[in-house]
Amino acid sequence: MTPPETLAESRQNFPEAARELLADSQIRKNVRHATDVIQAKRNKVVAELPDWQDLREAGSAIRAHALEHLDHYLAQFEANCTRAGGQVHWARDAAEANSIILGLIQKHEAKEVIKVKTMTSEEIKLNAHLEAHGVRPIETDLAELIVQLGHDKPSHFVAPALHKNRQEVREIFQREMKLPELGETPEDLCAAARTYLREKYLRIKVAVSGANFLVAETGSVCLVESEGNGRMCLTLPDVLISIVGIEKVIPRFQDLEVFLQTLPRSATGERMNPYNSIWTGVHEGDGPREFHLVLLDNGRSPILADKEARQTLKCIRCAACLNVCPVYHQTGGHAYRSVYAGPIGAILTPQLHDMKDGRSLPYASSLCGACYEVCPVKINIPEVLIHLRGKIVEEEQKTLGGKLGLWNIGMQAAAFLFADASRFSAAQHLGQMGQKVFVSKSGFIEALPLMLSGWTQTRDLAALPKQTFRDWWAAREEREEKAR
Amino acid sequence: MGVSLRVSLFITCYNDTLFPGTGKAVVRVLERLGHSIEFRPEQTCCGQMHWNTGYLREAVPIIRHFVEVFRDAETIVIPSSSCVSMMRDHYLKAAEMVGDAKLAADVAALLPRVWEFSEFLAKKLGVEDVGATYAHRVTYHTSCHSQRSLHLNDIPLRLLRKVRGLQLVPIENPQECCGFGGTFSIKNADVSSAMLADKVRCVLNTGAEVCTAVDNSCLMHLFGSMHRQRTFTRTVHIAEILASTAEAEPWDERFPVDLPVSVGGTR
Amino acid sequence: MTDGSRAAILASIQGALGAAADEAAIAAEYDSLPRAYKRIGTLDGPALLELFTDRLLEYDAGVYRADTEGIGAKVGEILKARGVNRIAIPDDLPAEWLPAAFDFVKASRFTEMQLDKVDGVLSACTVAIAETGSIVLQNAPAQGKRSLSLVPDYQLCLVFAAQVVETVPEGFARLEATKNLPMTFFSGPSATADIEMTRIKGVHGPRFLDVLLVV
């Protein structure tokens, strides 16, 4: 069964979705294994570079600079790409992007298209749109193929099928590729994929891809991959359509020297991934004779207006933050019910929806800061999380329901108490008395009321000590005073 | 270092209410090292709970209050790395948010005088051996703020290694969060509990009787689960270990465990 | 076409960013971005080639050496060791590099479908990066179009010692002059780790890679 698209669609908030996913031991085991492996590899290759922090600093500065002048660099990219024979299209939202892409495919009368993995196409739900209009999209990235044939959703944007183990993959391939005798080793499974896809590469005339970087200076596009399916889709067909978020532009060709060091090491823990393709427009006798680039906004440009949150768009989609996140480690990606999961998903998803969906996502974090530590472009995710929480609270307080909600009342009350020490002290004494009804014979509280019950579900709470520190100090001062 | 300092203690709202023993221990250690303590009774909270939960505007008066109370304190010591990180990472930002240049200036003037307890000992006083004795098997939990925000690195471990009789056992996966995260532990109780379960397993695997840290928030979280499971491992803040001597171990009425009663001193 | 959308998106961006800087200011800001990372290598010739070789061996690529006069003979030796015979080559590959007794066919004579049927491909490269074990091919003399080094199952690449640099930034400096050409960076044979994080080699690109270092 296909998992729901968004938290809104599943009528859940993150805590509820997480609770559901926590019950799935198979997914949890697969997620743990995968993230542990990638993390270990990442740490090893990062430790090799004495200038890693300098690379992060440069990467962060280049991305921030590009975003600050995004209109300038997009226009420059468009001019150069067009000059080299490419055709640039602009799509305000998902509907427009889908319409443009479908239109191009229909113009070439193609009934099938081969696809390179791109989260952007998942974001706009391109496959569903194509299928609804009689075009069959064929995923060529192994993980995306697994997800597609399994009628599933990606759970991690570098390794979309990491929630599946080999037995599950084998069952999917046996069924969908009609290979009842299929072996179970990863080698068997990859060989099956290779054969299944090779004839498609050589036959199908239209390909759809995403891209990792757009280079403004030259109008070039850069695709980072491992399997070679990207190269197949980029060079063999007649027509190539690439759908890319507007935030992916970088100023110059030279800037790739930073990102092609930090991206592979962060994403897959390699010094360099197997294949990087860089192409500019069309080239006579080499690759597609027609190249279309669809620039997608879909909620990105408004994020630029928020100076605190703008850094969200620096993301180069390495997924290092997912791999290191202790929350993601427990739930996997589906709990976020979004194409973009994990720490970056927690800040990007709600913003792409103008804070109208995914409002529980900024709270899906203990603010441990591990994500910020590994981000190759230094996105201060904890800071953005707090900033978004601020926006959510502010909005809630504008409604009567929000104002009268338990959290708001509790927080307002606490703020009132913290404003004055005598009030605070009185509240402490009240607590010492009032807790008696909750304290068991052993001196511990095992069940708390209302929303505090979340704590005592799995944890005890020691009863408040008979005397606060300040009272002890006051008593000590008094004693010392008397002694003088 | 020789010079006797007058140290202003910021106990923190939760230590004041739930872990007064930690405050007493800080007093004991610093007095033993020849310094004097003052406690400003007007103090309340650092504002972190409100700030981190998104009640940014509500946090500002709490921040102002802290700055006001400690404005002229020479040295402020805080037995909580999360509160110190709130100040270092967010106080200036809060002042900027409300466009208060004076508050920003006051914060900038105050921050250099603020110390987390263990970094105060090691960096400001240049002391690692504080004359402590604590003959127990102990493991150290690295709280996220202490490492990623304050960069304490191995300061707490160096302090623990100088404690007589203490057997220090390393813990697996120290970099992974225990799952407390303040209100996260309630808003996302299930995930928090799952993270806690992993962390508790690592603690129990060390075979230590005591798990220590520079933050009672994490320790409260850890002990919440360990007590529910009736394990034999306790949590003790590092200050209480450092306050411990051959004559008296930290006493705490909370624990239904037989501990040597404190001899002499104040109680 | 999408002119209305173009205007709308750019307006949205400009509205969000506020006042726009002029080109000179943008360029100045770009030039002052921090670049404290390592940009020049420190290894000398032999050490450099050794590092490059180590990286290639880690990828399970075969690594051979020859001097300029011995290229043809060495190529023959390598192809024989691989048990391959029919090799596609870029049209302008120097004849001296081609040993007799093998079937070399010029790429221009082939459709992609036919390329699928050859045993392998032989070409030169533009630059190689030792630190990452990467080789860059462009649509340039003796390198051919991109599909040439993609479709066949086996790839033999000639790398001249002078083409090897240590760091990625140095690699990009070498590419600066021809940055508009379509190019591919290879770092080992194609691979995936999508099934239980087990790294499997050779999914779609060439599964077998040999490098002949010409010193």
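Each chain gets a letter, A, B and C, in the order it is written, and its residues are counted from 1.
We take it that a contact is a pair of C-beta atoms (placed from the backbone, for glycine too) under 8 Å apart; a residue touches a chain by one contact, two chains touch by 3 or more.
Just so we're clear, the structure is a prediction, and the values are computed from it rather than from any experiment.
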Checklist entry - Looking at every pair of chains, which two share the most C-beta contact pairs? => result A-C
Checklist entry - Looking at C-alpha means, what's the farthest chain from chain B? => result C
Checklist entry - Where the centres are mean C-alpha positions, what is the separation of chain A from chain B, in Å? => result 33
Item to check | chain B-chain C separation of Cα centroids, rounded to whole Å | outcome: 54
Checklist outcome for this item: Multi-chain contacts in chain B, i.e. residues touching at least two other chains, fall at none
Checklist entry - Across the complex, what residues on chain A touch chain B? => result 14-15, 18-19, 22, 326-327, 329-331, 362-370, 372-373, 386, 388-394, 407, 411-412, 414-415, 417-421, 424, 428, 431, 442-444, 446, 451-452, 454-455, 457-470, 472-474, 476, 479
Checklist outcome for this item: chain B contacts chain A in the complex at 11, 13, 15-21, 23-24, 39, 41-45, 47, 49-59, 61-62, 65, 90, 144-145, 148-149, 175-177, 179-182, 184-196, 198, 220-221, 223-225, 227-228, 252-254, 256, 266
Checklist entry - Which positions of chain C touch chain A when the two form their complex? => result 1-2, 5-6, 8-10, 12-17, 20-21, 23, 26, 29-30, 33-38, 55, 112-113, 116, 129, 131-134, 139, 145-147, 150-151, 168-169, 171-173, 175-176, 179-198, 200, 202-206
Item to check | Complex contacts: residues of chain A adjacent to chain C | outcome: 30, 33-34, 37-38, 49-51, 54-55, 57-58, 61-62, 65, 68-72, 74-75, 84, 89-92, 96, 100, 140-143, 146, 159-162, 164-166, 169, 186-187, 189-190, 193-194, 197-198, 201-202, 218, 220, 226-229, 231-232, 234-236, 246, 251-254, 256-258, 260-261, 268, 270-280, 283, 285-287, 295, 297, 301-305
